[in-house]
């Protein structure tokens, strides 16, 4: 029973939300199609002759393509690794009773709070000693410090929401705990796993500080590349926005594909 | 196909005792029904048998072998959960196959058993559906099918029909009975449904607050309840139990404090000639039968079950007889007097 | 039986995560704590010496540190409530039945800000909020507002972008919470009252609390860590108007190279975050 | 010619890779464009790692601390003290002694302008780096705007700029002047220091105490505050790019910027006022003409192995050589070779040349202190310098804050206890 | 206390029609029971009345006032949900108080009503517990209490007793009936329990696939079902319906395709003299009565309900009579022939 008036308000609000979310993205894309002169026109122009020059330059002259591939390799690997380590841990936290469980959970979460600035230099020196500077593996590992907590947090809650009956039924049939996790609980926790994977991917893909400090060229990530155009001497806005667009698009595609899962997986423990 | 021996089980939950010294002998191939009020420990006992719940003292043996500390999977038991506990992401076939798969059965054998179970349970057309696409009754059958294919020594059913409507319940009950005949396995069945308990059981176990109150055949617990608790729990509507002093002209035991009579056992007497004089206050017509709610002056309120076509009017005063062999007597502690 | 899983099994499940996190998380942290107890300047490594808690003392008595801290909490105190209110409002509308297409569209577009790289947000901010050629002033009817170069405006701009980027996250978490309210419980309340606020306050809120706690913890931690977006947008300026705590630590540690001092600041920051998280959990994370 | 050739000298080092940090600036682009020729001739591979200026120091410090890959140190004028004290660079004399056969007979150190060579190549009398990317502050002015306002030339003094040109040129959304003052090295180098020296001020006095509260320093800082009325709003958020853009879009009549922006403001692709651009030396103050000085030299990194050191030297020597100076200049770089500017025709294509040469005659090498503590001090100056400009503190308060904090840093470094000689 | 008039309601779910032109008149103070198979639209109809579900056409009036487009809160209706729908974070007291509080009742009045409801429902001891700490029956009572304190014109109950065990069900049924007498409110009650439907209703509404199949008093729908559907749905065990040709010596209507007789209405006849000759295949003893499962040679399988003490043996052949007034006849479309 909704009155016409409330419907109208809803439509307005939703339209506003959509506009606000989309507009900056729209502006980023259009700016990326402008030449520097057009980009700096005041007042800004809405209609202009688009050029792909910025993309050409970014991709093929400045090596953004390679950093995108680096970011992809790193974000995908670290996400998989986080899931590989995090899902069993989440299962244990959700299903087993043991001493110090709550503290362990909180410790996992705490890692998400550590500022990268604290870890960056020690990690830099350690990586240097192990010859791991400017290597993908270094970032893949250090990104665990914020991915693993997110995976554990979200997936633990999903596991908690699965009826314990199912575990028991499977145990009666002779399934090991590992089989129960893999065959019974994991498929059912998929929304949460998907969401944690999305966030893990987004966070890793977007990470700047470690990327800036721990890589140089071989493993340089896309965000680190984008800010490297920010020389105080010269701000090539079109190229920066083209790079930005290139950075945002993959993660956007990934997130949009999985957006159906987003709400179902984000209950953060509301299951009771 | 196994005998089960339970000796002196005690079970605590966080300091609260759920089972008190429970002992039971279950014969090979017997169909045993656990009944009792909510929270009395039925599920706990079942789960202890399955090994899903650790017990604090006592032993469980199956076929003479002590399994008290065995893993659930090693007890050769199948359990049908009240909530079905079907794996929602697996098809009917996969649900049935899962247990055999993890136990390393050959694919051919698996398919044979599934086909056989599906035939018995008339699930052939649904093998590729997910549980979410099935009706309640069909889900129930899948849960049973999952138990059957395992071909276990012992079946445990925890209120397996409680979610079905009346019609489906009757169907399923008959199917389970014929299954029992066919497989000759030992079956333990928890229910709070009177009809199920009475019709299916070889042996009924009445539990009360974690203790075994009575063990016996359905007719035994119906006709010879050992206590007021059992008398009032078995039968629907429940037995009328009232202060023995309300009865006239009946030969009572000296110890008898309470008397009881089932609603269906009252006989109409000529006015003034019965053991009780009562007024009809409410009349419930159920079609095939009618319930009369009766008030005895200064005495108890009673229910009598009479014919569906009974013409007694509300407000009428009637006289009731209790045939001596229908009269139950209980002492001050509620124990039956024989 | 839930309590009876063997130690080995538990370790098998949880061990790898603990081990992995210990290596990548704890080892550097211990190193950082070690550094924080030393005079440790990258350009003066010949002079490294143990100085006890001097760095901590210097941090705690440094007005600039506390100003940055105050600024950070001011940001938290302005942006977070906005995110919560807006997020809740949008979540409530999305939760209502009807207008399916528009709502699907809205939900999809909410993904956009979340997926946008933080550093890119700052770059985008530079383009859009430029006083001269920025589209924001243009859309405000050719206003000549100096966004980036004015302390207050720059701060407002940071709030705007933080809200823009994180409201969707809050929305989705709260929406997930709302979907957890059993339909009939909500309907029972609607039989009693027309007021959405009453339903929200008395019936839905308890289901939202776990999600809210998560949002509080994550947003607080992230605000205290906030770096990329501000770094690319204002670099902490103008003046120190947007120098939040993480920018300050970065400046001390990686531009001034005083890693000892920076580590001390970061450790203090971590302690504050943990205390806050504990408080949130204690206050809000009651069981429904 | 005694038969020395790059090719032969480099032969033993063919196949070596030289890692070097470059900035995203015109001078580096110029050399990058020339690199293939070098690589082909020598067989030495030059691996360029590009960074914005703001990240370049951190990157190098971390690399040197960790014993990393860099074989060449890129030295800003203000970094040399730190690099030298940490022993991260090899003195040129050591190179000469160790690898006599790779020294170009035509190296001709005396051909470098002494000021840059001294300022960002030399520390405590030891020369480490050869000037590579060299700047002097210049006054860029928009001749058309000045003429329209009735001026037929640029201001000669800062006071004239403010008092005469300021009011006349600041109107209708246009501004007389813009001084890049963003809170990073730009603030301390381009804005703060620029106003100290011409007014007779300085960061430190003889005893290495803060000189910022002195009358002269205060005069300069106050002048900067006054001048802001003729600058665009939010000048504290202006970095080089914004300032140059403002000038190139015709919104600002005059800027004081580095010589290297010349190509930007005269290119029609990036400038709408290319026709009107003229160059003059920076205005004089009461203490004379003290233009901003900046620039980078290249030195061999100590952490490089034997072969890399030789290869690095060969690269540095080539990049800064007399022979390549002309090409470098034409591709957008600014060489510090005196010989290249002797060609009088040059001033016609590169209008900045006369002003540049003049500036390098009387600049201040310690324009910004060059000692090891500068990275910390510049952070202090950046913070309080912008606060002054925003009016959050007065010039006196700001000067005191900077002074106190700066002295604390110097004290910790051991200058006052006598542990360390007073550099410069 | 209100009459409800429902006119031509149609309701679609995403293109699927759930209610077809449903019209009903409910008198002030009447107790109406909706029955029908799962998915037939009972809940949908109830929810439409409450305004929780928008309807696509038709009108709903309460007390002569059109409320088709009124907010749920404005209809003065209380609903007891099948799942209780208690507010999990509120105590029993707060659960009951919530509706009154938001509607601005004075605190004193609130406490009085709660005390009264708690007394009726025997909840006094549980007022400060949360729903999670209550047993199923107690939760159910809280849900009813929450409805009572509102003192509404109309009560809607959606399968309110479905989760209770037999004994508790009987208790609650009686309590609800006396509540109805006491409050004189209009009550609409959805159930799939035969006994509840028969005993409680003033009027039974049988729904089938979104359509009203029959409206009538319990005895009407029991004795005079308008269709085979109703005949087989009402009564447990269900009416035996079989091909009319199986009957011997019965005078059938020309249109009659199917014949039916309820299990309790068979009469034993002398061997060979009845309308049907059958063999006993299964015998279920329920205590007070016994069910005989019968096979007719070349004919239908039947169920007969006989006395609890019946001595017929499995395998015995018996002869059954159907008294003419107990015989139901249906045409080829399943409509009853009168």
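Which chain is which? They are A, B, C, D and E, in the order written, and residues in each are numbered from 1.
Methods note: contacts are C-beta pairs under 8 Å (C-beta built on N, C-alpha and C of every residue); 3 or more make two chains touch, one makes a residue touch a chain.
By chain, UniProt protein names: A = Carbohydrate ABC transporter membrane protein 2, CUT1 family; B, E = Multiple sugar transport system ATP-binding protein; C = Carbohydrate ABC transporter membrane protein 1, CUT1 family.
Model, not experiment: these values are computed from the prediction.
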Touching chain A and also chain D, the following chains: C
Chain B on chain E, rotation in degrees - Cα superposition, rounded to nearest 5: 175
Comparison of C-D and A-B by number of C-beta pairs in contact, larger one: C-D
Approximate Å spacing (C-alpha centroids) for the pair chain C, chain D: 39
Chain B and chain C, separation of their C-alpha mean positions in angstrom: 57
Computed distance of Cα centres, chain E from chain D, in Å: 92
Sequence positions of chain E contacting 2 or more other chains: 71-72, 88
Residues within chain C bordering two or more other chains: 42, 132, 254, 288
Set of chain D residues in contact with two or more other chains: 58, 62, 65, 182, 184
Of chain D, residues touching chain A in the complex: 23-25, 47, 49-55, 58-59, 62, 65-69, 180, 182, 184, 186, 239-242, 244-245, 249, 260-261, 264, 269-270, 272
In the complex, chain E residues that touch chain C: 47, 50, 52, 71-74, 77-79, 81-83, 85-90, 98-99, 102-103, 146, 150
Chain A to chain C touching residues, read off their complex: 2, 7, 10-11, 13-15, 17-18, 20-22, 24-25, 27-28, 31, 39-44, 81, 84-86, 88-89, 91-93, 95-98, 104, 106, 108-123, 125-126, 141-142, 144-145, 148, 152-153, 157, 164, 177-178, 181, 202, 205-206, 208-209, 213, 222-223, 226-227, 230, 235, 237, 240-241, 244, 247-248, 251-252, 254-256, 259, 262-272
List of chain A residues in touch with chain B within their complex: 163, 165-166, 168-176, 179, 183-184, 187-188
In the complex with chain B, residue positions of chain E that touch it: 37-38, 135-137, 165-168, 170, 177, 192-195, 198-199, 218-219, 222-223, 233-238, 262-265, 282, 284-289, 291, 305, 308
